[in-house]
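A, B and C are the chain letters, set down in written order, and residue numbers restart from 1 in every chain.
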Amino acid sequence: MILKGKGYHTVNLAAVQDRGGITVRNLDKSYGRHEVLKNISFALKAGDSLIIKGPSGCGKSTLLRILAGLEIPDAGEVWLDSRVVSAPGHYELPWLRGIGMVFQAPTLWPHMTVAENITYPIMNWPRDKRKARLAGLLNMLEIADKEASFPDEISGGQARRVALARAFAARPRFMLLDEPLTNLNYDLKLHLLEHIKMEVERNKSTMIYVTHDSEEAGYISSNILRFEEINQTSRIED
Amino acid sequence: MQSSRLGQSFTGFAVLAFLILCLGPALALIQDIGGVAGGNVALLTSRQLVVLANSVIYALVSALGAITAGWFIALFIWNRPGFMAQIIKLLLIIMLPMPAFIHAAGWRAAWRFINDVTGYNFSGQGWAAAVVITIMAFLPIAVGAAWLGLQAVNKDLIGVGRICRSDLQVLSEIILPLSAPFLAAGAAIISVLSLLDYTIPSLCQVNVYALEIFADFSAVNNPGRSFLLALPLIIVNTVIAAGILLSLRNAGISGVKNPLNQTRFWWPFWFWVLPVLGAVTTVVQAGVPFITLLLTALSGETLWRQYGFAGEMAYSIAVAVGVGVIAVLLAYPIAKALNQAAGGLGRFLWLLVLLPLLMPAPVFGIGLIRLGMWIPGIYGSDLMPIMAGLARFLPLAVLIIWAGLKRMDNSLIEAGRVLQSKPGHSFFRVELPLLTPVLLTSFLLLFVLAFGELGASLLVMPPGRSTLTITIYNYLHYGASGSVSVMCLSIALLSCLVWVGGLKSLELGRRVK
Amino acid sequence: MLSLNMQKRRLIILLGLILVGVLILAGCSHNNETMKAREVVIYTSVDQVFAEPILKEFEQQSKIKVKAVYDVEAAKTTGLVNRLIAEKDKPQADIFWSSEFVQTILLQEKGVLDTYKPAAAADIPSSFKEKDGYWTAFGGRARVFLVNTEKVAAADYPASLQDMNSDKWPAERIGMPYPMFGTTATHAAALYAYMGEAEARSYFQNLQKRGIRIVDGNSVVRDMVVSGELDWGITDTDDADGAVKSGARVAIIYPDQSDMGTLIVPNTVALIKGAKNSDAAREMIEYLVSKEVEQKLTDVGFIQIPCRELDSMPAGLPVSGVKGMSIDFAAVYKAQESAKRDMAEIFVR
């Protein structure tokens, strides 16, 4: 099912909210006079996955940052699992939203080892559980030998795997992935896509996946939200 | 990527100019060292060791205090950009060129006032007072270093952290460690400057090693001997400078520019008190000397010279502009070379660059006189005070531009060089525009520092010329505090105009439309 | 709205114009100076506030352009003297005018000075003139106590340098400038020459043990006495006189009038060896050592102890005159290196 991003409303919003998931309602965001998001609305059932596609600079990354709580919209509401996390006069802190996120770049903390990067979201877990989770993720993504390495000592592909492992570590309710597999070779991409789908299904996470790649999109979900450009001459920082 | 022939030649020229200007004065004193009766100078007496140890402790404590305060003030500006943050920034910029004695005089007046009001008898003397005044005097540098550190952290690194842990934990576990190299560098610079300064300690009646050097200089009038006596200080400073070097090279500076903050951080109230206190400290840091200056200027004691001080102001501006422009021209190719140098050579080059920062000002002065004598037409000209400013502060320009180059995405410049249609095109259309903010920052900082330079300029000032700083010191000695206040307020106003003008031009450059 | 490039271009042009304007402004005064044919370069450690009007007046009278280099107290006398020594082989200065004599004798010893016996100094006592003509001294200042009259009763005024070591006055309420620099260093050297090294060293060691407040210069002593932070302190008469004239409640005491006398520190003027403008320099020296200039400097409060009988003597000077310390300038000079070293040893800790 392809949903148009601009001016689209779900039919039974209340019902969808009761079942959890991600709901976005009439979201607007501008930077100065430059409109990035205009009247974005959609609803995603709990446990479902949504692909977001669109041309460069049309606001996909901005939407993910708003969902994560890293940006505040100018108008509109964001609901996660039946609770409002962003609305006029209301804002829930990012770390309380139960989100795992992978950015376009691996974004690993250079002063932490691979192990420290991955276990950062689960520092409040008991030690044994944390170590077991780390071992499981390292093995799953085949980077066990890089546990003690620093980000500048591993390859680009390995860095992406570490970023994925970190995003999944806490078994988040919501996964936001912003072109996580860009510039990877085909085999590695396929390999990681399998693990992404497996983890999402295992954790029953609700996922939003941004990509240009149709094959990736098809592998993840048939729900596609296609963004249209608001302004032909706009340049948006993705 | 290799530079053009012209670029390489200019780099060579810049390196040579640096060696002559910044290291030449110290080398020129070697002929004096040869005449010194050795032994008893090289070995310190127990008294001198105690004074040296006290000086190092005083400098480190001051630096730690300044950088801690600076960190919280920078957090306030960073997390609460708005009118209040702009005011804080402006106050810091205005106070940057203020001579140290202005802070000392202001605080002494404040303590007298408090004593009168409360009946308490705080003397305003001693190590504690010296540390407080030193922190106040160097606060702008501390905030600048902390600010650079915060700016250097990639916002995505912060964003990922904020999703996982609380904002306070992200601050301590991600932002602080990634900013730490800049904080360490700032603390190291303040330590070095504190070690070389005796004006604040002597006004607070505590003795530091820098005073020992000048006392010896005054007694013996042998610059070579005094240079040898300064060696322990230079060695201590070198160790500290190695710290700067290590910190910045390990900075892991993000290649992605991160000028924008995201959603405001939420910190618990007990923590927020600290940045707010920091902001209040800034207001007090500027307010106390400022109010003292204003009251004194309006007190009726003002001695107006027949000729005013417009001539000194114009000359000071001319010298400061000369230092700023030449420093940027020379520092840029040197910073680029440093950026490319690796391994042992890189470390050696860094030490050479930082060495001039570690030497007392009169060493430059006397050394420049010797150098100037060797070059016909230079000595006695207006170039000498410009050379004095360059000798002392060129390393800072190199540091600032180097840090800017590290933050810049090198692929942008490489793309320009690959795609340019004619030689030099990418330099003027790609490289220079990208570097304009950091070059302008470097120019502005050196302008401010050169404006207030005294120790070396005094020794090489051409006859018939004087800078405003020299006049201020002369009038202060006489006791014309009213005139001094007027002059200092003029310096503050000038700093304000220069920085606001500079910031406006940066804004113009950053605007997309 | 202007495009960004246009705005940038305008800004660059504006900045460039400002830069050029400033440089022209700075250069203009220089160009004016180069238009005059004769000039003289003087290095002086006399306070700019006092020296400048004298030099300007000479310029107007003689039509000789005066280029002055002033010293700064913050440079702790490491400034001009070291500069003169460093420039010895290619001197820039023509004249050295000092507010004291020890540094002048140092320059003489280093071969920086040339001989000249000014005719205008004929009425100056011979003890004020170097026998070969290397320098001429004239009116000067004395080392005095400045007392806060609200803190100290008249009956308790100090009268001798030895009072600084007396328990009658709390040490932390008495101030003295760093004795390694300036006229205080000269005073220390004078005491070394007068008392002998051992006794003088012991005197200063006792001062340090007592905890006398050591401050950053004569003007700081003055300011602290005026504000009441100190009860009294030792300073120069020009600083003390300034406090009296500003209406502060202070009194000036000439110490040791019934004993060794008060140290009087005269000005000195000397011709620099190899001076480029030696004729103009000689003319200026004649002017500086003249009775007219000594009167002017007395009237403005720089000189409190003239070396001649003037038409109007300084206000505040004791009617009976001031008994000066009987000391040979050369002896003071000889004592200054060991005195300064000891002072650093004793007080920088």
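The working rule: contacts are C-beta pairs under 8 Å (C-beta built on N, C-alpha and C of every residue); 3 or more make two chains touch, one makes a residue touch a chain.
The structure displayed is predicted, hence computed values, not measured ones.
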In graph terms, nodes being chains and edges touches, is this line, ring, star, complete or other? line
Report which of A-B and B-C is connected by more C-beta pairs in contact. B-C
Taking each chain's centre as its mean C-alpha position, how far apart are chain A and chain C in Å? 75
Indicate the whole-number Å distance between the mean C-alpha point of chain A and the mean C-alpha point of chain B. 44
Chain B and chain C, separation of their C-alpha mean positions in angstrom: 32
Which residues, counting only chain B, touch chain C once they are in their complex? 45, 47, 50-51, 101, 112, 123, 125, 199, 202-203, 205, 207, 211-212, 214-221, 223, 301, 303, 305-306, 311, 314-315, 317-318, 321, 325, 362, 365-366, 369-370, 373, 379-380, 382, 454-455, 458-464, 466, 470-471, 473-480, 505, 508-509, 511, 513
Touching residues (chain side chain B, partner chain A) in the complex: 154, 156-157, 159-167, 173-174, 177-178, 252, 262-263, 266, 512
Seen from chain C, its contact residues with chain B in the complex are 1, 4, 7-8, 11, 15, 19, 22-23, 25-27, 29-30, 33, 41-43, 47-50, 52-53, 56, 65-79, 81-83, 85-87, 89-90, 92-93, 106, 178, 180-181, 185, 213-217, 219-220, 222-223, 227, 229, 239, 242-243, 246, 336-337, 340-341, 343-345, 347-349
In their shared complex, at which residues does chain A touch chain B? 65, 68-72, 91, 93-95, 97, 99-101, 103, 105, 107, 109-111, 120-121, 123, 152, 166, 170, 235
